[in-house]
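Submitted below is the structure of interest, expressed as structure tokens.
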């Protein structure tokens, strides 16, 4: 197994009177999918924004391939080879799908935007993720939630990222699209990339993650080997208790849902 | 209104300087600079229109007002040319800047009469008052009133000039300084953007605070609008009652203030004769007649422009009746509102 | 009964639920200081930076001319801010919606003209004339609001058309005679020339404001405690009251050293406080903020967006008219120049300088007061100096910018820390 | 079982060149949870916006308790007793949590906003959904994705709705919060309310839904009894094929994720 | 190789993927008509409503005065729109960002003053003087942009400060004498008084525009077809070309009936087309739209937001200076009034009337042209009529509003159908 490409150490961040992150550590290796899980408001998105240069930390260290680096801006993160899909998507509603996909790295022909090339590439990209968008020339404002999410995911893959960060990428996706994204995550790993996957879906975690890092109330709450840990253990780490709404709900045993793959 | 007025494409005779005749009439363009000062639409325009129809009943006056914007006035000159006017009576927003438009009119054979302000360029005639003279008269009136109270250097005066973007303001200022400099102590002096009465009020208030309201012995205000704001500031700040304050334009509000004793004087520019001159000159030029003035002036591009210059008149409490009232500039009813009625009586106006 | 209730624990349980990440501040003065330091670092200072800017402006002008901070000048200043300040209060409402009202100046001029014609030329009772002017302003605002809210013309265009049309109306109403003098001793003129010269008036107002603030805060705090939700500390409450008391009594002291409490200032303060109340304490005000923050969310929540928009423009029109009345009062006349020139820009600038966002959903009526103080202080300082026009323009621009730079710098650190 | 409270018939809606809905029918009965499922862009959100009065249909009929009604505005829907949680949440970022919760139905004391009452009620409400928000007085702009979603859900329940529409309510929620929301849905049903639940999570569908209505490319694609239909059948109806990315993914059999409740 | 590629099918497969919900329009003219009807219903008419408004204005004024549509008047009109129109082009850039530049008028005035002083008083070569003026404009814009982008002062406040400061600068540069006349036969004056009177000039330009449009569209279409992505139909392409040809040759015909193609108009058209090119066909332009649409998304995509902001304000400053040069040229003089009064409001209004949003991210450089045509047509029509000032203001306001109402009503149906 390859060495750590990205290491965070002692990351703290505060918003006004809220201490969102306290002394958080995280390590991501090449060819590895790390699931970052935690309760709502645990600080997951805040942490990945630190990595992506969107909201730098108040204190703490980031090392990239062993060297300490600072990531003061999204551009700096991109330059290192970090691509991010944000939970709040961050698309320009007034631009069309093509415009959003290529924003910041437009294809050009003698300095002029190569709209034809970009449009062709966009159609191919979206096709891969099985998403049906009536036209790649409509403003993203008029896309459905899932369509928007696919655009955001495609966007992050256009460059040649070494680390891909996906913040709840499948939250709005249909079953088929979700499967495609999980396929994609595995493909990324097999090509040697590192992936940080934030999700609340334990099935997905178990399906694709190698390790699971748990955040709780802005602090580390354990790192688990995904293959050796049960869902219950992870959920207990997330909620901080073995007695929680999930277990209670199951205990009531109203109905036993089947797993997707049974 | 005959064939030409009926519209349709311009016949070649309509432009190119051919002379018109009284029977058919012709179009005369009237360009005034702004409407924030009462005179233009209250007096200048109606007087000129009345006189034109007196001298040439079939002539038509096309009127435009430039709202103090030289570029707009240039466009209005173009419209006049498109409109096939034969003569333009022009009160320039910017007398200097209008020169190129005047040249353009000349090239198209349209005659230009400079009205009130001496426009640059090849103008054909001029009728007006002398703006520097206006400033001098204001200065003299102020000086006299101050002298009447003792040593003219016994305290500072405040000067509040007009808009720095109005070339006339520079003339008034120049004229006033030529009289006042050396004779009085100018404590504070301001130029007031847009001739704004509110701004003048703020400036005067500041000046009184800085100099001491009780020390100020006179205030020069370049026109009546600003004098209104200043009079109020004098009152509020506690400047001694009766402290001299000048003005210009013989606005109704100023006449009333003069009667009430909160303003000393204003300058009455008898617009009627000025307008009559302009109308007569316009009709004459349009008919191809030679015109003559009381003299000639030089505007830098032409040296012997026939001109009719009218003397402005200083109006004080004593001569209101013999000037603005007599000329019908303001009627007694207009002046003597309930507030002013007793003052009117004591000044013998009724 | 809401479906949520069954499993909802009773109040006290909810109380116990305190998020461990919330940094609770220490009690007492030390806590206050710590909190203050944190806010300085975080840039959450509200209007403090602009106040600092104002103080710096005062210090500079005072050092240039010792009359600047004289009771007389400050008293005049406090009246000079009123006319445009009242217009600005209306503008704040419009800005909260994220819209603009370019017609406010013209409306104020047209309504002042109407007032003068009715009052002086037609001999109306001044109160009736003022009422007519204000109603006229509201009607013009209604027109703007309707074209905007019902037909969907951008407010910029509607009010630009209004700016032109009502300027024309103003000329028309005044008629060819131009300026109309208002009787010096009449009610309208007295609006800006009346002072409550009894020492007790100014101090009484200060005392009233301080006591009112304390009581409202205290009662609110008690209710919160009773309901089991977080409260301010008593120290905090006393500190705020003390600051208010210092400002209020200080101002009263100075005003009393000249002619006393100016009526115009009193009216302005009452209007600002009332506007603030409407904005922050009523459902209507809440709806304005909601529409300004996210119009679609407001619409989906059942807020009658069109009604809010129309009424806000009516408020702006009415406040413009009131401002016009005070502008006319200040120089005891209405003319073609009333409300023209840069009155509009200054009214908008005051709101923005005072901290109201141009993009909607953020601001307070107090920004009109604060912003006008900045603007008028510059004007007054320049007037005391009597510098040439070109220099005056440049200095005014520079000082205005400087006053806001402090605010912007502190907000920037706020943005960097993820808020705003 | 009670009669139909809400019936849609022949609903069509078009956006510019896109025919988003074609002749869609839907029936919702009291004491019933209807799951509305479909691929991304199938038209689910568009359909519920028709019901909620946010984007009225071009043609078609709506019947409320048997009577034909028109729902031209969100206010009209609320008046009927329809409460909606939108996929795009629709919160006012500049207002705090309390302000958003009570927007449009503020509590008042002699005409003045009763901030104390509203704040207390807000804290209680949020507690029910197990969400930890540092303070109910911070602007919602600074909330995490899941926190925002809980605010939106709580909002819809403040009135006394007869029909509750939830558009992917658990997309951003943690495991515990998701369980709470499912509990809530069941509680709503047991209290006699009707619920329309849009979700991509088949486990949730099987867990709480009585009937499943499938939309595909803007048209009805079958209504199923949730208890008698397998996940595979539903997924096939959604994707329009039995051979899709989901089945292929499973066929590759890389790893068999466990169901949450095993 | 992107991780997406492996399973991505080759181009042709993607081609096949046509969404069944996309309403494909019929081929040929019938299809065009059907599409057009759909757009009318849906309100997606782009600038057509404003064009309709313009045509109505023209018809009304022509019926009032037969000179209105005379070649002479239209030719003058085409020159009168240039100065403010050029300022408006810069404003469009700023509006696309969702910001405002209140200083544009003052910058144009100050730069015109600088031009006049350098050229007339200091005897500079006119080209050098123009270059200096434009550079000065860009530098002033740089100042605005830096305070805005780097310090975070709201653009409204920065440029309001600029409006004041540069007005002062203008007065200072002109000195106490005020107006400076430019030589009538000099280069600067000739900018607006030169006509290409050879008939071939205007027609040649029309032919060039038509052919250029057709070739670019045709080649683009071919490339799209080759890449297997949707194309316009040939009929559509020919129809558009024909419309352009009618407008272009019609204008050429009229201009040739007076003095020929005005140089100023040519320059303005070139600038508008170039600005449109920058906005829609370059990465820089795309970034402007992105920042105006969602600044956070743009920032996260790695767009250098500060750079975009600063350069946009520089463009606005430079365009204001160019506009000032043409304003001075038009009356062959620079004065304290250049760029003052309502130049600024008209420049912004033109952009907004032409369809550029004040809220950023939506608009085109052509709106400056279209909006100025509306505004100047009103001004010209009023000038031909010669009505009193108050009426003039009111009619201008009303016509302006009316021109936009058509647009707003059509947009409203668009909003109702869920877009925009």
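As written, the chain order gives the labels A, B, C, D and E, with residue 1 at the start of each chain.
Following the convention adopted for this analysis, a contact is a pair of C-beta atoms (placed from the backbone, for glycine too) under 8 Å apart; a residue touches a chain by one contact, two chains touch by 3 or more.
Since the model is a prediction, treat every value here as computed from it, not as a measurement.
Counting hops only between chains that touch, chain C reaches chain D in a minimum of 1. With steps allowed only between chains in touch, the distance from chain B over to chain D comes to 2.
When chain pairs are compared by contacting C-beta pairs, A-D ranks highest. Mean C-alpha position of chain A lies 45 Å from that of chain C. For this pair, chain A with chain D, the centres built from the Cα atoms lie 25 Å apart.
Touching of two or more other chains is recorded for residues 19, 21-22, 171, 389-390, 392, 418-419 of chain E.
Counting only residues that touch two or more partner chains, chain B has 35, 41, 164. Within chain A, contacts with two or more other chains are made by residues 15-18, 132-135, 142, 183, 217. Listed in rising order, the residues of chain D touching chain C in the complex are 52, 54, 74-75, 78, 84, 86, 90-95, 99-100, 103-106, 108, 111-113, 115-117, 119-120, 123-125, 127-129, 132-135, 139, 141-142, 154-155, 157-158, 160, 183-184, 187-188, 191, 193. Interface residues of chain E, counted against chain C in their complex, comprise 100, 102, 147, 151-154, 156-158, 160-172, 345, 348-349, 352-353, 357-358, 389-398, 400-401, 404-405, 408-409, 411-412, 415. Touching chain D in their complex are the following residues of chain A: 15-18, 38-42, 44-46, 87-88, 130-135, 138, 142-147, 149-150, 168, 171-180, 182-183, 186, 200-204, 206-207, 217, 230-231, 235, 238-239, 244-246, 248-250, 254-262.
Those residues of chain C that touch chain D in the shared complex are 2-4, 6-9, 11, 13-15, 17, 19, 21-22, 220, 223-224, 227-230, 281-283, 286-287, 289-290, 292-294, 296-304, 360-362, 418-419. On the side of chain E, the complex with chain B involves touching residues 65-67, 70, 72-73, 76, 80, 83, 171, 176-179, 181, 184, 189, 327, 330-333, 335-338, 340-343, 379-380, 383-384, 386-390, 392.
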